[in-house]
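Below is one structure, written out as structure tokens, with a few remarks after it.
The letters A, B, C and D name the chains in turn, as written, and every chain counts its residues from 1.
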């Protein structure tokens, strides 16, 4: 299964993966609108602790604890085999956050309900937006 | 091969999923006394106050096509009266016998009805662990203006908050000195109590209900302190007890069904979910831990083992996630200790607490900054040596950045599987 | 042991013979009749012993790693140029630029040395540090740019001669120079500090002087009881303030 | 703003950072990329600020801004225009007066001296001696560097003469000496990999060679400079050739100076010096005061490597370069490297960089002439370096008499350098001239290698096409062929030194 490989030795802490992620997961698909109007949350998070920096996102565990913890089947494995959350049914109980061993699920909002936000490896793209945006090959899309 | 699963909820569904992954041919039958599609039990409080309805997909545990897609038979609305593990038969209350090759008991737990409260049989006394109890409460809700909730556990607390949100007068009575006693320590509980009070909930601590009075319907609650509270209804949420009435003598019981490391109760019979007494890796005892993530995993492992695998279940530990008003918290494992190393960070409504024993993390409370909680969960589960990294736990920006590079790379490259 | 007669051999021929002999596994070589051949022992990286009878030419033991070279007479310029380890023992005087840029091993000279001894000598990795002991006097610019190591100047055959020349320790930014009988401060550059050696320094001096005396037959006790001074750089960065970021 | 500016040492900013607030999405890409603190985020105000005085014009922020919200502009001279003083002279006086130090600068001189390359045109064939299509016909760029014998003796059908060691270059372009310390590990790694892939050589510079880079054996030229950093047996053995650095074009007659803060543990080990001390390269080699002394070092190195490797001697172009080069040739060097006035540097006093030396074009022509006159040119090889900016500069250099060229600045520009001239600060925002582990990550060796390979391959293609147009099918035939060049806008004297005719002649 192809995944986003995190090459921390190449990460330059530029946040462009986050920007690309926000844009890809916005309604408008417009970078400025996505950030300024839609307030989209990024699925990946860039961490920094000099000199380390890296963008961390869902590792799509084979044995995903978040799927087990989900109280109504919102967290599931899609046809590609990736762990994704059904935004229509998620109620934001944060049980997935409680068990995610990588700490990569974020708290978002979905109308009245909370919404777990996580990497869905861009189902509409052949290469995830963050990988494409990374200027230094710190994120690569490959078999892990 | 015929698999029979008693219980149509989290453990049962996951057991069926696991069996179907391994055995595409075998017959799978799920028996449940409930008539509904498997639904999300934690959402019942929301359903009661009308935030969500059964017409919405989010109310259900699996999508509508789940049984068809996985070729699972169901027998709904039937109560299991007896399990005969010698004959490998399940006897239903309508005296029908169902034979099985493998049995998985995932019958869950029911609300405890305390025997020492008089007047518990009156109308207007509710419980909220299944659809039956919830339905009753929902139907009567229009008539109820004030309600006493007995037991400030997860259900009690959430219900108290939800009911006061829709304008009911709520009194929350708790025997212990704080709300959410087993899940939170004093500091965190105060944060929750503040939220409850803000939304209008009266909290009475260190007290218990001894008597319910009323003419057919509850109208007054008497506490052991002698205090009397006028009300229209009383919700009992003092805990749950495993549903084990139907098992035979081959299946050993303590508080729940005793299982081995492979979740086996006896030959060809497995137990999973709230009904099973499993190993608590934090407090080192066997006991039922009635929480959803564990039920799901147990069900899945029981299903795997029933269909020919030998997967060990390493045990679990208590963990809770709840949001009351503006305060969201996650707690895991032990929450208080006088004898272990305790790390604490307190600032306004931010709270982080870690309990460490022998350089292993055994308990965590996170309030209002919970996104990395799962990493601690992993450390507890894996009995990870935290001596070299524990100093960073209290940082609000805790994350991968504090790990040793080699370890981090291995983990993020999925070379070190969870 | 192998004896080589170097009379009338050109340096490249002689060195080729030495290299071949070492390749064959010989670990002690005596070269007789040496008369000014350059580069003896240059670039040899084996712990062999080379004894030289006669006066070897420039760049004796340059770039070498490990050999012991014993010269029984005087030697010329560039001894131990950029050497990494090994030992050079001169039973006479040595010429200019002794131990240029050497970073390990040791050189013992019985007599005087010329100008610019131990320029840019340096130490690295804590435990790798060169040592040079000079029995006689030295010329100007001794220890220029010195970045590490130990240089001991004994001034044994002083004879009214100045112990060192001008510009002692110019640009020095590491290591230590020990001078017996003290040093004329006006000869030193402004980058150095002159102090009294502490016990640890004295121990180091004693060890090296003892070895020097064993090699050349002096009375160690007599030499060591005289006063020594220690010359060290004021800063590891002598020219740190000369420049500003431009443009 | 964080803190008020220092009024006492004020000089007007060189750049103006313009941020379009409508486009800025506060993603902080610019903030994290600026290593000079010229842009920073104020959390309380939720605002990103610019500080023009700190901007060095490296354009890292503009390059990374995903919404093109940032523009960097050169600030006009704010002082009253004075043709004889100019901004730089005023600022120069002020800075020296305020800080009490000599400004150190990097990269090649930016002063408007004449670039002779741009005053030479290349010939092409028409009708007679027809042009060649390099895409379909073989075109030889292979070059050998090293001492050549006068004549070959053949005995029994076999070569009797013992040939001198040679470097074999697939392309007459090598990567110039840039030391570990000036550049970081990742950049050297990339340059090494590119050299291997291209079949050419890279020069380690005077800072030694990291153990990890020994794997490039076969494509390494190592340098022995006055500091002798990292020079030891293995280092000499792993090299294909050894270069004695006498001088550097950007700072002829000046020593090197790697400040102590750049001497990290790894660099200290590679250079074989203590960690944190200044790495001082003396101006001269203190064992070289004459051509004879140089000869001594050349042969010491030859002895140390058993005459198996060519010895390069790199000299900076200065006024009597022809006589010096002749001496170097006679001292036994196999290859002479001429480093021109426009050559780059990691750090050089500004006045030296901008005023001392000689352009490579003139130096190369005069050295080639002199060596020819003395009958030495056929014996040794000449490498030109310092200010080679494109493939046509390579062609012109070879026509003026070089065997091959070194490229330094072009190498760095290929991998990101924007010539902001801040190498000496160690804060290179492009992750090139810095040892900061966080900044060094900005160079990904995989990407950088590819860029270098692309650059040199494209130059090679352009050279082949130009050779084809000239009707030459081997770079060898171009060497010293000054008839292929014509000058324009040059004085008679300049053309005389360059040895070329005026355009139209």
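Rule of thumb we're sticking to: contacts are C-beta pairs under 8 Å (C-beta built on N, C-alpha and C of every residue); 3 or more make two chains touch, one makes a residue touch a chain.
Just so we're on the same page, UniProt names per chain: A = Carbon-monoxide dehydrogenase iron sulfur subunit; D = glutamate synthase (NADPH).
As the structure is a prediction and not an experimental result, all values here were calculated from the model.
Central chain assignment: A. Criterion: smallest distance from chain C-alpha mean to the mean of all protein C-alpha atoms. The chain with its Cα centroid farthest from the Cα centroid of chain B is C. We define each chain's centre as the mean of its Cα atoms; on that basis chain A and chain B are separated by 28 Å. Centroids built from CA atoms put chain D at 69 Å from chain B. Chain B and chain C have CA centres that are 80 Å apart.
If you average the Cα atoms of chain A and of chain C, the two centres end up 64 Å apart. Taken residue by residue, chain C touches two or more other chains at no position, since every residue touches fewer. The touch graph of the protein chains shown is a line.
Contact residues on chain D toward chain A in their complex (touch as defined above): 22-23, 25-29, 32-33, 64, 66-67, 431, 436-438, 441-442, 444, 446-447.
The touching residues of chain C, when paired with chain D in their complex, are 11-12, 15, 19, 38-39, 42-43, 45, 58-59, 62-65, 77-78, 81-82, 84, 96-97, 100-101, 103, 116, 119-120, 122-125, 128, 141, 144-145, 147-148, 171, 173-174, 236-247.
The residues of chain A lying in touch with chain D in their complex are 9-16, 18-20, 31-32, 35-36, 48, 50-51, 53, 133, 135-138. Remark: chain A residues 3, 5-6, 8, 45, 47-49, 52-54, 56, 59, 61-63, 65-66, 68-69, 71-74, 88-103, 105-107, 112-114, 144 touch chain B in the complex. Contact residues of chain D toward chain C in the complex are 88, 91-92, 95, 99-105, 224, 226-228, 231-233, 236, 257, 259-260, 268-269, 271-274, 276-278, 280, 282, 286-287, 296-297, 299-301, 303-307, 347, 349-350, 421-422, 424-425.
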